[in-house]
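Here the structure is laid out as structure tokens; the discussion comes afterwards.
Order as written gives the chain letters A, B, C and D; numbering starts at 1 within each chain.
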Amino acid sequence: MSHIVSHEPILMKFPGTNWDEEAGALVVPTAQAVAIATWLRDNDAFSLDYCSNVTGVDYLEREIKEKITNKEGKMETVARTEPSRMDVVYHLYSMQKQTGPLVFKQRTNREQPEVESLTPVWRSCELQEREVFDLFGVNFKGHPDQRRILMWDEFEGHPMRKDYTEPFDYEWEPTPHDEILEKHQRGKVIV
Amino acid sequence: MSILGGGVFKGMVVTLRNFVGSYFYKDRLTTNDYSWRPNDKLPQRAGDYPKEEGEQLRDTTTVTNYSRNFPMLLHDGGEPMDTVRCVACQICERECPPQCIYIEKSTEKKENASGKPQFYPATFDIDVSVCMSCQICVEVCPFDAIVMNSQFELSTPNRFGGLLLRRDDLLKSNDYYHRIHPEEAAARDQRIADEKAAKQAKKMAAAEAAKNKAEEKARAEAEANKDTADAEKDAE
Amino acid sequence: MSLDLIRDILIATVPLLVIFPTLFAFTTWLERKVLARIQNRVGPNKVGVPLTRYGGRLSLFGLGQPLADGIKMLFKENIVPRDADRLFHLLAPILALIPAMLVLCFLPLNFPWINDIQDSVKAFMLDGAVIFFFAISGLNTLAIFMAGWASRNKYSLLGGMRAIAQMVSYEIPLVLSAVVVVMMVGSLNANSIAGAQAGWNWFIFTPWGFAAFVIFFISALAETNRSPFDLPEAESEIIAGYFTEYSGFKFALFFLGEYIAIFAISGLAVTLFLGGGAGPGVAALPWLSVVWFLVKIFTLIAVMIWLRGTLPRLRVDQLMGFAWKFLLPLSILNIFIAGAALHLVAGERLADLDQKQPILRQLMEGANPLVVAGLWIGALLILYVAAKGLNQLNRAKVRPREYKYAE
Amino acid sequence: MNTATAPNYELIQQDGLETSLLEISMGPHHPSTHGVFRMDVKLDGETVVDLKPVFGYLHRNHEKLAENMSYLSSMPFTDRLDYFNSMANNWAYALAAEKLIEVEVPERAEYLRVVMAELTRLVNHVSLIGFFLNDLGALGTPLLYAFREREKILDLFEQASGARMMCNYFRFGGLRNDVPVGWIGRAREVVDRFPVFLDEYEQLLCENEIILSRTQGVGNLSRELAINAGITGPMLRASGVNYDLRKVDQYGIYDRFKFRVPYGEAGDCYDRFMVRMLEMRESVEILKQALEGIPEGPVMGNAPRVFKPNPAEVYGRIEGPKGELGFYLIADGTPKPYRYRVRPPSLINLTVLRDMCLGGKIADTVIILGSIDIVLGEVDR
């Protein structure tokens, strides 16, 4: 496996960023995103000149049960509710140094998702950011040509959101298949 | 090539060689000629089979004995419903990616091949127009009740009900399975036989363990009453 | 119009109208079979006489396929785009067919029944046959553009424009390479040109004749939109070019027109360079010349089909560059070489060469073989060097590349 | 230098004659767009002035489907991503999922995975060159030679996995079933006969003057733009960047095989065509070594019966025939993935389509699109 990119120097250089240990990703405030990205790309130590994957992740309001040892050293589960948020994840690689992925995240809220577009830094983000805009509804400031890419332009709603409900299927036709689907929905919930 | 148009001539030599070759080497022609006898029409409707169930009229060289198309339910010969293997546990219905299987469990139990009363599927529909022959149901089935058939001529003029195969269309005998997929069927039967043998051996081992435990207990009691008997003798 | 004149006209024209469309059917079958075999397929073999009683079928090696296509074309729905130019949409295929058929009459096919009809009806006796040939076959370009414009479809328009550019610019090398032969024979009459090559001394066996034949053949490919030059109906770029919006019998008419044009132009090539009906055994059975004529035409068509199965298509600008900057200068140079060679070999006997006898035999008796051989190699060498020079001149350095490997 | 500035073609004003550009929509139903893909092309005569790709005609939202199904159930759907090489897609998904749980893939399965991936690479490159020649105008001959060879390999797939194209053969921790007896012999025979076919193919294509003049210097892609635009696969190596995941990540057991990675320098259509031809020869080398060294033994590791990984984020990628095919999985402890993302090499390679086509002829657009090698199942997911 190409060796992993060390993230400590970034944390020192840009105090605004912090390291999300559980996901192994560098969380970057959207204000400094373009500056950090350009520095990562042009700096000789990193030279992360290849942004392989850009995608969005939608986190709903959920409460997580964690086993923590409280004061008496006993294991007990504490329920912690996590606020809803929307992530845009970038996987950065270096083709010159052939070094491994640096996961680079921008966080924003779910109601008005607004994130800095990194297309000026890496051209490979252009179509993928359009896809995140189309399927998640995240608005990319500074994107040269932000349009829907997979859905048709008059489509409302963003299908990949967790709380997306399907519109009425006006092209529905009676098929034996849909009896089976109804019977599925009625009794058994797919585990 | 230095001479003008040399590359073009080399290319034309290749096509000439292929043109001549296709008359001599038969393996160059990949398009195999399906049977052209008009009355040898491909069997169109699912129920449109000769008595030999599931047999395809055409030479099955075009369908190798590894290809999989749509699932079928297995029964161990004789009257299909008496020896059906499926116990309607509905794991395959839950795991099926396009959700094209629908099972309704029977209310009362019935004897199955090995004599144990067992549930059986009252209805077992597979919507063949939705099934994508991915063989996930065969993998997740713990009872080897569902396997893949290689029958692909299922086109029917009736658009709605025609492609919904009911339980009776799906039921096929185990030796039909041996006929279309010899290797896989043999391997599967071998595995079932091994498991049964292993279970048998385990049961016998458990039985022996239980038996000799019982003997020891009996022997221990025997000694115990012997001791008590000696003790009473000493006491007198 | 006396009765026997009408009879003679019918005798002269009806065979042409019957023989060539059946040859068209045979050529479509030949093309599909040869292309199939090149691609390791079997080609059409299903259409045949169904023998229901024996449960079999007489497959006739697929010879029924052209018939089936013809019938299919008759029954196909004849779609005309809503705002197409209806009149010209209908007229285009007819205009594509008429000149091709018309030009067929000038080929020196002396069928056995030809000598008992009046001379005035024998078309190929026309003195200006070659000129008339090129004039009429120019109409084909007009038909194709009419189809392209009338179907109101952007792709057809592109196809039509490409057709004009291509056919106009390949007309010139075509005519110039024919001029060489006419200069040798000294007459434009197709029959006398064929006569001048009796026996085995065809013009293709002379250096300038061979060069002229190659140029003529390449330009003929471009004239009839065949293989490396099939830009007007480039499937992969502009769907089907000028006949995108044609279906049913009009589409079949276009095809008939295209194939008859191929017959006509390869017939002319055979008359000019391959000695018309000349071939072994013609002296014994005069009508054998028709058989030889058709055999030569079919060899040329087989080469065209072979090219179609192998070569990809040129781009529009390369096509134009190839015609104007390569074929044209080469054919002009070829005319000079032919003139110089004739002058050197014949010398003062030039005046008294009579047209009726084969030109080459007369030229050969006088000169000693050494001079002729030297001339032969000299002419071919000059032509080859000129071709290489022109090729380097107008095309960027294009050659296969070497590739590096990383461990 | 990251966004190539397109030459500005303004509306044509020639001595008072105001004319407009010919706007053609080359798409979704067009003979050479390799699927339902549309390009709004503005033409000035035959030269391309502007080009806007439009996607989405084959969009099935494969990712939303995968988030409502168990991990195993979305494996057959990965066959439908790039339907030309289902084994490579399966491997990419299996590789990513295996990072979520600790499972040890047995030796025989690793060897068979390399054999299947390299066979799909052969099938993909051979068919692509056939389609590329079809776009150039050679009426089907190279394509049918390619399909003749592809049939032999598809028969091998059918014998191993049961289906010719939709194999669904890989599982987390190994393969679904072992290859039948005698399969290795048949595979070795097909692999030995492949170089003979490649020589014939190269003689037909590589020195043909018409192909040379039509493809050299067409659709140039510079090194910097290729890296910046995230281009991967043979298209990147044709522009001179030596980046092949089989050598960089060395996933599976690629480090045991000795093979070379061809790369070009001009980055035009001819280089992309030739790099794929030479890559096929390297794949044959790998296949020979792999088929020699296949050990006996099981093909399925000790994967758990119900695949329920504990919460983690993982990004697995392989060197697919079209480029880097990546799977980004977020597990949250339930048997269904929380987030399932496919990194489509075809879609990202299309970022530079406009830059390469501007200024060329419409015939060049068709070839450039052909040389990028896209499959719409993967572009639209």
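We take it that contacts are C-beta pairs under 8 Å (C-beta built on N, C-alpha and C of every residue); 3 or more make two chains touch, one makes a residue touch a chain.
Predicted model only: the values in this text are computed from it and were never measured.
Peer 1: In terms of C-beta pairs in contact, which of A-D and A-B ranks higher?
Peer 2: A-D
Peer 1: Using mean CA coordinates as chain centres, what's the subunit A-subunit D distance in Å?
Peer 2: 25
Peer 1: Could you state the distance in Å from the CA-based centre of subunit A to that of subunit B?
Peer 2: One centre to the other, that is 42 Å.
Peer 1: Go ahead and note the Å separation of the Cα centroids belonging to subunit B and subunit C.
Peer 2: Here subunit B and subunit C have centroids separated by 63 Å.
Peer 1: Between subunit B and subunit D, what's the gap in Å when you average each chain's C-alpha atoms?
Peer 2: Roughly 34 Å separates the two chain centres.
Peer 1: Multi-chain contacts only, two chains or more: what residues does subunit D have there?
Peer 2: Counting only residues that touch two or more other chains, subunit D contributes 69, 141, 145, 148, 204, 206-212.
Peer 1: Would you give the residues of subunit A that are in contact with at least 2 other chains, written as numbers and ranges?
Peer 2: 190-191, in rising order.
Peer 1: Mind pulling the subunit C residues that touch 2 or more other chains?
Peer 2: 38-41, 309-311
Peer 1: All pairs of touching chains, please: list them by chain label.
Peer 2: Going through each pair of chains, those in contact are A-B, A-D, B-C, B-D, C-D.
Peer 1: In the complex formed with subunit C, which residues of subunit D make contact?
Peer 2: Going through subunit D, the ones touching subunit C are 22, 24, 30-32, 46, 133-141, 144-145, 148, 204, 206-214, 216-217, 242, 244, 247, 260-266, 270-271, 274-275, 278, 361-364, 366.
Peer 1: If we count contacts the way the header does, which residues on subunit B are in touch with subunit D in the complex?
Peer 2: 1, 5-8, 10-11, 13-15, 17-18, 28, 30, 64, 66-68, 95-97, 132-136, 139-140, 148, 183
Peer 1: If you look only at subunit D, which of its residues touch subunit B in the complex?
Peer 2: 69-70, 72-77, 79, 141, 145, 147-148, 151, 155, 158-160, 162-164, 166, 168, 176, 180-181, 200, 203-212
Peer 1: Can you tell me which positions in subunit C touch subunit D when the two form their complex?
Peer 2: 35, 38-41, 154-155, 157-158, 228, 230, 234-239, 308-318, 395-396, 398-401, 403-407
Peer 1: Which residues of subunit B touch subunit C once you look at their complex with the stated criterion?
Peer 2: Per the touch definition, subunit B meets subunit C at residues 4, 8, 11-12, 14-16, 18-19, 21-23, 28-31, 33, 36-39.
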